[in-house]
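Next up, some structures in structure tokens.
Both complexes shown next keep subunit A, but they swap its partner, so subunit B is in the first and subunit C is in the second.
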Partner chain A sequence: MTDLTKTTTAPEPGLIPLPAAAARALTLVGGIATAASAFLAWTWTSEFPGDLTITGYPGGLQWLTFTGGLLITLFALSGYGIRGLGWLLPAGNNGPTVLTALGAFGTTWFTVIAIAVNLDGLVNLEPGAYVAAVASLLAVIGAFALPAGADETHNAKAAFAAGLRKGGIPSNTRIVIATFKGLAAYIGKPDRIPAPGALAPWVERAVITVVTAVGLGVFTYGIDTEYGELFIGYLILVVFAMWALHSAGLTDRFSRLVAHHRGFTLAMGFAAAIAFPFTQTDDHYANIGVNILIFGTVALGLNIVVGLAGLLDLGYVAFLGVGAYTAALVSGSEFSRFSGVQFPFWAAALSGAAASLIFGVLIGAPTLRLRGDYLAIVTLGFGEIFRIAVNNMDGVSGPDITNGPNGIPSIPDLDFFGFKFGEAHDIGGFTLGRFANYYLLMVLIMAIVVLVYTRAADSRIGRSWIAIREDETAATAMGINGFRVKLIAFALGASLAGLAGTVSAHVTYSVVPTPYQFAGSTPPNSAFLLAAVVLGGMGTVAGPLLGAALLYLLPEKLVFLQDKSLLAFGIALIILMRFRPEGIIANRRNQLEFHETGQLDVPDTETLADDPAVTKAGA
Partner chain B sequence: MNTLPQQLANGLLLGSMYGLIAIGYTMVYGIVQLINFAHGEIFMTGAFGALTVYFYVLPDNTAMIIAVPLMLIGGALVAILIAVGAERFAYRPLRGAPRLAPLITAIGLSLALQEVVRNFYPDADRARAFPGLDATHDIGSVTIKDADIFLIVAAIVCMSGLAFFVRRSRTGRAMQATAQDPDTAQLMGIDTNRIIVIAFAIGGFFAAVAAVAYGLKYGNVDYRMGFLMGLKAFTAAVLGGIGNIYGAMLGGIVLGVAETLASAYIDGIPGMQQLGGQGWANVWAFCLLIIVLLVRPQGLLGERVADRA
Partner chain C sequence: MTTSTPTPVLEARNVTMRFGGLTAVRSVDFTVNSGEIVGLIGPNGAGKTTFFNCLTGLYVPTEGTVSYKGTVLPPKPHLVTQAGIARTFQNIRLFANMTVLENVLVGRHTRTKEGLWSALLRGPGFKKAEKASEERAMELLEFIGLAHKRDHLSRNLPYGEQRKLEIARAMASEPGLLLLDEPTAGMNPQETRATEDLVFAIRDKGIAVLLIEHDMRFVFNLSDRVAVLVQGEKLVEGTSEVVQADERVIAAYLGEPFEGDPGQAEAAEVEAAEAAADAASTTSTKGEGQ
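On to the complex of A and B.
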């Protein structure tokens, strides 16, 4: 099959029959027109959020359309072989152009439809909106007329053509599969990406710096979106743009660059994280930031337990709760049982982590001797018991410790050597509000957790964790004390969650039992934490952070989704485990493990494909 | 009312409900070494299936003697359908994947089932009334309801039926063989996929029976009821020795009795005055699990099995 289709060396026409030159020109024109259309007025009233009414000044969603158009233009120009843009398409495939065109199309059409729906009717659209819609459609048509990607992807396109020719005769599912394969031919990543030319180290560092800055800008934009429509448009564009970069092979190149400069990248990442509050004028967004950081830190702690050691902890949020309650009890709050006691923060943080550690060992010691499945249930039980216990310990239905369902309110703000976290501070012309202060503290804690995570993962103990995860019997036979290393992983994960909990108690002013449950509609709870780790990618540092940011922002920005978010996550977990168990950011080892072929020496050609369409839709 | 025999009877009743659900965990685990986390939710959907039959299928004021068997059929149909569907579409594709994968799928399934019921079943975001069998009988110093009689009879009938099925029938023996060694069983001509489906279906049926008993006894059902019941039932299965069907029932009864006695009498122990009552029952049940795992990890009736790598 490979030989038959690979003989054709001339570029095959694309999905839409147009001469290659015309297709390229159409894409370019579509891209430029899309970007330009953002400067027109799309609607007549400012009732639609973002004010899309003024010609010459794009607003809100129009900026997204503009960015999308710009990206198409760049990729299209790069396709023409313009000097200086060649790096955008190292493999010379057209997938990225198609994907950016789809992204711009999606954002633009979403905006246009949202205007028509929100304001009741097409009459609310100004001509500019039609121009934008048509321009982005032209870009998509042009992109699909481009020759499909090189190499093996031709096969899939041939299958698609065959499916089309056969019409509805064979079966509908076959047509659907063929369509998927045809689309996959465009968006798939080419097998071989030419190695980049040698760059001077300082250039490589500059690239990393620029990418980090752009990443910070994109992320900040997402957090600062003020209304649901803008966030959806943003999400559409970002997903397609990232996909395009992946399909162009640029993400692979970048990760190779990162591998060369690990320390530098980490430093840049933290610099970007520290820079975030300085870009914010409203403390509300710093609040979102600090919540994402808490959520992400806890998810990273869980990643040690789940991702590295392969232990499923379903009551992880309880350790966060233990830390939070410990910090609240010794915070000096007048509602605390020990209201006279006020520990300095370092002592409170240590006691929170220590309390979680003790609980972790208490839970882990009896269960980790047994097969892994017991741990899942025991931790699930522990999570519930923790919530029930703190709910009952109000002096009426239990000992008076945690003040029952009312929790411990009015936890005082932290005070570091006179630096009061509750007050706004002016630093170099920037005002940092209360949440921004906590945000910076959380960045510090996150740095500790990342350090612990990476050092542990690369150490002897980390290798033991991975060995235990892969095959406990074999690992034990090689002399690893399975129980001991598992207990270390479990206890370490627990104490990191406890540490994060101590900060979260101060950030939220009060601790109450309700957030510490297995599943709820707002993060963090155990189900969300696990989802963040699995969605982002088990066993990686960036994965759980990305997963946490996504899972926090989605319900936060899309209020209408809140009611259905758990349903969506449940289904997403099932589908993810079925088709991409390694998550968004794949750990190389996990990726291979999850797509095992069953035969040791025979490489399986299909297993590492990234698109679900290739994984035998019938199975 | 709160005499020791009454408490023992309460514990026995609660325990047989745990036992019925635990059968589902233990059979599936015994054959495929998978904790079907979503089993608690299968129990819950069984209850809603029965509720649907009563409120939306049967005419109003149907006599309970006719309604209960029909509700049982409706609940069992829903529960079996979901259990078998879960096996076919969620678990089977993951056979041979790392152990973590099916567990995470099970959690996803469990969340999804809860949320589907909450979002799409009429008025299911709060507890829904379930027809009760509330007529009481006094036997000596013990008072029991009609619903309790239903539960006890159902538990005895189901357990004896299952024991007969597993020991005597051809399929039952194939099931035992598959549990012992799936590969060899397959070589001997046993369709192991079919056996696994049957195990899921039996689990779903037992869960539905328990669900109808639950509804009749407590008079209401809600979409969250499967979580805690599932957790307790799993505890019961571990307590009795996971993989052993008699162990599941025994574990359920031990757990139910221990939990009832603990919540009734533990506040009489000096120093633990405030730890009694229903609020702490779950805590004690869970402590029992930890103690059993420490002292006898294979469970009451379980045999020590070597880890299958």
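On to the complex of A and C.
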């Protein structure tokens, strides 16, 4: 660890000219002060949500500042080479420190500004707020004075200096470019992250368990945020913290661990998912949870179609609608066309999936002969046909099946062998409300869908989907019946969405045509589903789930954005596609970077096999 | 070289391909016998690749039939591969974001049966088939010498290895006939030499090979027979010597001699010089190859 930091004999000074020792001290002091400032009173009135008035006890956004300060302190201490914290910075770079400092700074300053804006004026700020602002600023200054240690700063500075020499004063654009390159040098991930030393399997499992628990905690905190300001502060901190972990190389190490213990991680993930409703006291948040799961399940189904088989489907939400309508029709609702019929849930779920499958084959059979853009447009059309048809099957414009725009209301709650989903149950001292019941049911369905996805992806059929996506002509020349294989992907994706739809009909009490459209400001709709897949990472399991969670939470929590949320998403997606086109969670194929540099002169695996032994000392 | 009783593997009868008013391939009869390496040459735009596409089912011939071991092939690429004809592409068409091993496993598609249900249920049959496929694919990777790169993405391989991998992927479908569309395009002399050895090794496995190529030395070294396609028509077919000596072939490649033709003596002189240069370079590449 320490020897690695020393290998850069003459470290590049940071962007801010300060001696390295002073910079390090400043960062540490800034971090500690930031954390401490959370214990001061920031404002005099409890009008600002979260009550930031009490000295000695942080509230609301102050907890975020506290966490941010703690993270800075940890990274700064690790930079000092404190024993036991070396694992935080395996590559010895200062990027993580800079990023956490930026995160804490962002959250703190956002809070301070929000107080001043919400309560009309700086007078509402108590001295504690100024202390917090200055402390977090100090940490940022200190972090930017740390040596960057990457070649890019050097290059940027050289370019800057060359510009100075040539033209006297460098043009503005040059300064901007140089600054950006300098910033990129700070926050970029180093090329080589030393491989970790061998850990005992039980330690690795313990690490995975702890990470899952922390992840559940962070996620639960996000869902439970009560007001928009807290959620924004949370987002700022989480994004920067995750970025810091990524640039420290810790996410890479963790995904390696996950690759070794795939089954165990999956089990832990589901354990965490099941644990979620037990951490909730308010059923409202379980409602958010169940909706995220429905949205995520459908996104995962879409991931088979888009991520694996590469078929751009813009009308996918129609399959969710088919499932929901089928379940509603056989639910025994008095407004259903077949009000006398009441299927048990397993039969309703199967018929919903089957109906979606049939619908998928019907749509797929004529359209899958098309490729690329043509397919996208035709699926978009079919998606809209579904909504319009359902809207018109009210007995006036068409046959009386779906009750038209009124939909099918008062769908009864499920009843599983006497376990009534509509009622709260006490399990081991925890009260599970209606939505928590449905949440647990959705976790089960999610487990099925994840199993279907992973098994299908890693098989002959999954390989042929990927082959079709990569090069359809070559795939058919290898003996793959393109049409058949694509139709299977389409039908499988459709039936998984239909399955999720059957639950969603019961959760929302009623089904109406409006949510099943191409684009709207609230999920689910086809555009949101596609965005969840692309944003999270195509072709992965965790990606679409994370994307779905994000895209569901953002409009839910940021109510004040309203119509502008679509604009915000658009901008966010563009930025993401520019800087991380593979999505938040990269595909396994992109993780082959472990073996390769992405260039043509790929080193052979034999040479790589020696690497861990060489760099073992690093961890 | 050839087996004593040549049985036809591929028979194209009267194959014609028209695109609107343009006749790209005009009533070509063509046969490849088992254990044979046959070259198909012709100037650019002669219709070689179109003819290839007719053979592999990418195009439906306007007239004529293509049969493999006596059965007429349906004009669907995946059925042609199923029947036992595998191909490579002129411009490499690997599955760029799949690993080397996965590329070859995709080639095994026609020789395995496991569908979606078996993938979801993961019975013992599924595991056995996956294991067998992987073993077979690894054998092929050993054969072309890429086994050590099994987990690399195919797009990260150097050019020559991509060509090899494409051949391995085609061979994974256990073909009786392998069609190679310009297998040495863009290769340096050493790589071309290596490819020559590879094609012979493939033939020794009992797979007939039909290749399109512009590298004349490569074609004439390898092929038991060479067919020349000019403007969609088969001009000559025969052994390397016959084809090389044929005046029509020379005319097709170099043009008709014009009136003020340089004297016979000068032509002979040029030829001799070329031959000498050829011989020199051949021996040198051979030397490097060994």
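Throughout what follows, the second predicted complex is superposed on the first by the 541 of 619 C-alpha atoms of A that agree within 3 Å, B and C clash if a C-alpha of one lies under 4 Å from a C-alpha of the other, contacts with A are read in each partner's own complex, and residues count from 1 in each chain.
The rule is simple: contacts are C-beta pairs under 8 Å (C-beta built on N, C-alpha and C of every residue); 3 or more make two chains touch, one makes a residue touch a chain.
Not measured: the values here are computed from a predicted model.
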- prompt: So, A:Ala572: does it touch subunit B (first), subunit C (second), both, or neither?
  reply: first
Message: Quick check on the superposed pair: does A:Ile488 touch subunit B, subunit C, both, or neither? Answer first, second, both or neither.
response: second
Message: Let me test your reading of the model: by the given contact rule, A:Glu384 touches which partner, first (subunit B), second (subunit C), both or neither?
response: first
- request: With the two complexes superposed on chain A, say which partner A:Gly398 touches: subunit B (first), subunit C (second), both, or neither.
  value: first
- request: Please determine whether it is subunit B or subunit C that touches the greater number of subunit A residues.
  value: B
- prompt: What is the contact status of A:Asp471 with respect to subunit B (first) and subunit C (second): first, second, both, or neither?
  reply: both
Subunit B versus subunit C as contact partner of A:Ala376, first or second or both or neither: first
Query: Of the partners subunit B and subunit C, which touch A:Val203 in the superposed model: first, second, both, neither?
result: neither
- request: Once the two structures are superposed, pull the subunit A residues common to the subunit B and subunit C interfaces.
  value: 471, 473-474, 596, 598
- line: Touching subunit A in the complex, subunit B uses residues 29, 33, 35, 37, 90, 93-94, 96-105, 107-116, 119, 227-228, 231, 234-235, 238, 274-275, 277, 279-280, 282-283, 286, 289-290, 293-294, 297, 307, 309
Task: Would you pull the subunit A residues touching subunit C in the complex into a rising list?
output: 451-452, 455-456, 458-464, 466-467, 470-471, 473-482, 488, 492, 589, 592, 595-596, 598-602, 604-606
Message: Which stretch or stretches of subunit C touch subunit A in the complex?
response: 56, 58, 77-78, 81-82, 86-87, 89, 93-99, 102, 105-110, 112, 114-116, 118-120, 122, 126, 129-130, 133, 148-149, 151-153, 156-158, 169-170, 173
Query: Can you list the subunit A residues touching subunit B in their complex?
result: 306, 310, 312, 314, 363, 366-367, 369-374, 376-378, 380-382, 384-385, 388-389, 391-392, 397-399, 469, 471-474, 518-519, 527, 530, 534, 538, 563-564, 566-567, 569-574, 576-578, 581, 593-594, 596, 598, 619
